[in-house]
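Every chain is named by a letter (A, B and C) in the order it is written, and numbering of its residues begins at 1.
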Amino acid sequence: MTRADLLFPSEPTQRAIARELYALAKDQPIISPHGHVDPAILADDAPFPDPAQLIICPDHYVTRMLLSQGVPPASLGVRTLDGEPYETDGRTIWRTFAAHWRLFRGTPSRLWLEETFREVFEVTTPLGPETADEVYDAIAAKLAEPEFRPRALFERFNIEVLATTESPLDDLGRHAKLAADGWGGPGGRVITTFRPDNVVDPEFLDPVSGTAWADNVARLGELTGEDTATYLGYLAALRKRREAFIAAGATSSDHGHLTARTLLLDESEAAALFEAHLRGEGDPEKAEAFRAHMLVELARMSIDDGLVMQLHPGSVRNHNRWLYGRHGRDVGGDIPQATDYVHGLAPLLSAYGNDPRLRLVVYTLDEDTFTRELAPLAGGYAAMYLGAPWWFLDSPEVLRRFREAVTETAGFYNTSGFVDDTRAFCSIPVRHDVARRIDAGFLARLVAEHRLPLDEAAETIVDLAYRLPKGIFRL
Amino acid sequence: MTRADLLFPSEPTQRAIARELYALAKDQPIISPHGHVDPAILADDAPFPDPAQLIICPDHYVTRMLLSQGVPPASLGVRTLDGEPYETDGRTIWRTFAAHWRLFRGTPSRLWLEETFREVFEVTTPLGPETADEVYDAIAAKLAEPEFRPRALFERFNIEVLATTESPLDDLGRHAKLAADGWGGPGGRVITTFRPDNVVDPEFLDPVSGTAWADNVARLGELTGEDTATYLGYLAALRKRREAFIAAGATSSDHGHLTARTLLLDESEAAALFEAHLRGEGDPEKAEAFRAHMLVELARMSIDDGLVMQLHPGSVRNHNRWLYGRHGRDVGGDIPQATDYVHGLAPLLSAYGNDPRLRLVVYTLDEDTFTRELAPLAGGYAAMYLGAPWWFLDSPEVLRRFREAVTETAGFYNTSGFVDDTRAFCSIPVRHDVARRIDAGFLARLVAEHRLPLDEAAETIVDLAYRLPKGIFRL
Amino acid sequence: MTRADLLFPSEPTQRAIARELYALAKDQPIISPHGHVDPAILADDAPFPDPAQLIICPDHYVTRMLLSQGVPPASLGVRTLDGEPYETDGRTIWRTFAAHWRLFRGTPSRLWLEETFREVFEVTTPLGPETADEVYDAIAAKLAEPEFRPRALFERFNIEVLATTESPLDDLGRHAKLAADGWGGPGGRVITTFRPDNVVDPEFLDPVSGTAWADNVARLGELTGEDTATYLGYLAALRKRREAFIAAGATSSDHGHLTARTLLLDESEAAALFEAHLRGEGDPEKAEAFRAHMLVELARMSIDDGLVMQLHPGSVRNHNRWLYGRHGRDVGGDIPQATDYVHGLAPLLSAYGNDPRLRLVVYTLDEDTFTRELAPLAGGYAAMYLGAPWWFLDSPEVLRRFREAVTETAGFYNTSGFVDDTRAFCSIPVRHDVARRIDAGFLARLVAEHRLPLDEAAETIVDLAYRLPKGIFRL
């Protein structure tokens, strides 16, 4: 970082301590136990496409902000589902983006992009409408160099381990290639994560292909040779895929549910729900019950096979229906909703919350639950850890509020470290750097207010940056 | 301001930057696109009454605080509905108020009143039980001078445009007078706002006159010559009144609803609800459905006629039943409630949220929704803007928390600038000044933490103070 | 305090003011109007047991944090209900605790324990795995000295009055002993509080003894000579016990309910609910209605007999079922839930919220309600006061957020001062000291930002530390 004091408190006593603490964390290897980088990037190690295709088109933080000011996603290169044209010229997209650069003032996107330009691509010209071409050309030139191939960047970024996220229906071919190249497999640098939402959620539907849950369950059967027309066969198939994921290096599973509801059903009740949905006789209430039960079932599997269980609840998918209809999923149309963890997680925690074999990392989009629900739960159950602020919340202000809100009840050691959760490979270093800087600033305040001795703060910052995520995610 | 550094961070680096930024904002003209100043004040331009009648009796921030410590509103000159006596002597009221001055320590009322005394009335004697008469007399003396007439103050306050708020049943006579005097009409200095709650909410009832919604609907028919016994006639009448309001300078409408619920009904369903209520066959659920539907209907009208649509949900009116029974509405008996914007606004936003012709400014009394709901919605829909912190929240601490909470997801440019929302004409400058100071302090921190260059912060503070509200409210 | 600036803002201007303000508060006598110290401690004035029995085993803040990292409560000396063995050797317990000391970094427990070691026991060796025995021995040595008997400490702590909490079924024998020794009774140093939950909540059940609500109601009848098989007899019995509590010095009652719901039933409806539950024909809904009604009934009793009414809602008791099954109640298994005060308290406040004879102090575990609900209610009803941040929230960060959130709407004078709410007698001074330091820091910021003159801040800090709790709790 050229801007050495970026994000540190400006009060001189705290700033001096923050610098000292940050110096201990900044060169720690990056542990990235949860994210959405396409494993093909690292398996193929091909040069990245043009700057717009790399940085703008796939980043829904960017395209949603421009949409909010009336700039259509199609003009930013977001693919349409309905055959309507969309911009494909990288330079044109980049100019549109640069013309609206001021919208990002005060946002983490601004910070991530600026630091990526500066640190990854060594472009120091400030972006703006007049410098759009200059910045574009400079980045494009870098992308043509071999040092900017994905694996070279991976090394330069000092990433120790990166977990991608795949569906059980994925054949894990990219991860096999990575393993063959010495990059993947158990204990490898690039590993997978077991994310079974599309075979667990009876309401799942892909807007492009029309594929529904029942189709996915059938395909799960084909992949595993289990009879997934029965509930027990379905569970057996899930277990088999977990084994395959573990063989591909996975140490955790991930679950994106609308709510945090969990439910203990006996086998016959669960089977009845499963079969009702397979017959097309489900309804929203039954679907919620099945998802809630499956979280408990998956926790049991975790107890058996050791996968750390991650839960990401509270995102109302595709709230922006116009956007969904035109561009599909994962393009910025989701909105958080209030989430009840206290009653939602009670059945699961009552059953397994104190079982030393279970490790459950819970995330939130609802910061109102930090103090009231998540810190008391993580600080009161042996199995539960508190995941890093997620998505809309993975920003400097919220990372700071997270520590202010949860530390007093959960301490530092029930939190599981920063996760970048990103598709944007080039932004991984800056995202982790931001979290380390904010933690340094928070710890500096504790030291400055005589609440923690400097030597303990020094140990803690390294724990947060490196040792905690590595240990908790069994890496 | 004599107290040059009022409300700035005390950390010297930030304070120095805040001063520099504030200097750019402080002399910007005041844009007041939403408030409750009585237009008669400016239409008649009569001298203000005594200090207590001007400052204490109508200010429910003040009377509710004294009530909370056992001082009856009647002793503060709040008119009773039941014929019980109430204090009318200005000096007596003022003394009671001054005797409880310490209650306001740390509140925005303290700040507003103190700065109003100092800046508007040039009274620098600190208020207190012993100085009550001295301050009273000094203000009373000023009120007798021609420079303290409303229009003279308006000029001195450097107000560029002030929007008042009227019901569709208002004849807009005061605004006609203002237009005749060169003060009102389209593009004028004093304009109106279309606030149709009393003809939109089937549960509306005026406790004094006994006038109910159906009476108001009938009167709407008389005013417009439309047959408001039918739903289509009712809609036509609303459209006619909107035209009249636009002719009186209005650029926005305003809607105070209990919840943020919206609902798309087809015409026959809406007509059936309308008619059921007219026949006296409504119920709370039907009333909520009708209000929810009408928000969508009014959004359609906005798309047609260009009025910016403001939504103020979440106030439980007349929670304090004793106060309501004795003194009626708008005297400090309302209490906020939790508000669900994510599901409430979904139908409206699905239909028109990306329509470039709609402009929807949403306010809240529930700051728990800043990060979780409002910033994601405003940062993801083209039509939606985030209104300034409202009412209980229009205070220094919350104005700061608002920027800290929403900027990272919505940026600065999806917020619509400060609104004073006040009945208290003399407090308008200080309210805007407080917002400018807090924004200066917030931006100063971003600069001091190297998150925003000074030149961009300088442009932003003027945008927030002047250009954004002027542009977004089409002024 | 050796660490003179503990918890003060590190910015020099604010720190200097904070020191000045804190100097005015630090030697004020402690008013402790709500807590859970066992009155036997002071009645018997026996030496305290070993350090672990005194400090670790009964402190569920400590045992729950260790449980959250997999350390079983039984290994920390928490008594089991099922006959399973639990550790009883103080030194062994202490070593286990010390081995996990780093878990408490950044928590209030760390602060309380460290300051208790330092200030109460004059042990300055930093605790850690290597120093466990040294610290243990040093504290044990002090505990053997007569200066460390409870009454001697009480004097040294400068406690003016300490309220314990008893059930109406308690015979108040310890308080009689205290009164006989000149320590208790009306106006005494150690007084009781009337906490009738176990005779008011029809769902009450003691997991150890099996005692249920109906058993308690019967015993209430025996104690008072009233026929508690009837509703009117039950009310009469409650009134008699309140008289007895007042005679033992009580000035307040306390009510721990799952929700803040209140309900006005007429006598026959209430009697029907009461009798249904006595007959074993209750259900959760009826139980909630009865509790809600009883809050109104108890408010009426308060109006008659002058007991200040405290309400503590929102704790989901025994959320951790494993912990409850093994170790019972009050060992760290409770979790907060979201609480609705606005609608919950409306019936009670509508009936008596402006009655000058009622004084209702409301607490919360849900800080999301600070600005939205509690500050507006306390700042709008004469009878209501806002209790100090409770339990999970009685920490430096939340004490500061509390002032930042509520002061602007409720002021300082609708808050009722700090309550330590603790079982841990030796931690009382540090808990009050933390609150005083945070208030000093908050007021210092107001002064540094020119929002409050120093002389008024100086008066306010003494009000908060001493005069307000003393006055509001009628001590």
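Quick notes on this one:
In this text, contacts are C-beta pairs under 8 Å (C-beta built on N, C-alpha and C of every residue); 3 or more make two chains touch, one makes a residue touch a chain.
Going by UniProt, the chains are A, B, C = Uronate isomerase.
Given the structure is predicted, the values throughout are model-derived calculations rather than measurements.
A rotation of 120° superposes the C-alpha trace of chain A (Uronate isomerase) on that of chain B (Uronate isomerase), rounded to the nearest 5. Judged by shared residue numbers over all numbers used at their interface, chain A (Uronate isomerase) and chain C (Uronate isomerase) contact each other through mostly different positions, with under half in common.
Chain A (Uronate isomerase) and chain C (Uronate isomerase), compared by their mean Cα positions, are separated by 40 Å. Taken residue by residue, chain A (Uronate isomerase) touches two or more other chains at 11, 368, whereas all remaining positions touch fewer.
Interface of chain B (Uronate isomerase) with chain A (Uronate isomerase) (complex): residues 11, 13-14, 340, 342-343, 346, 349-350, 353-354, 356, 368, 371-373, 375-382, 384, 403-405, 407-414, 445-446, 448-453, 456, 459-460.
Residues 3, 5-11, 64-65, 67-70, 102-108, 110-111, 126, 316, 319-323, 332-333, 335-338, 365-368, 392-393, 395-398 of chain C (Uronate isomerase) are the ones that touch chain A (Uronate isomerase) when the two sit in their complex.
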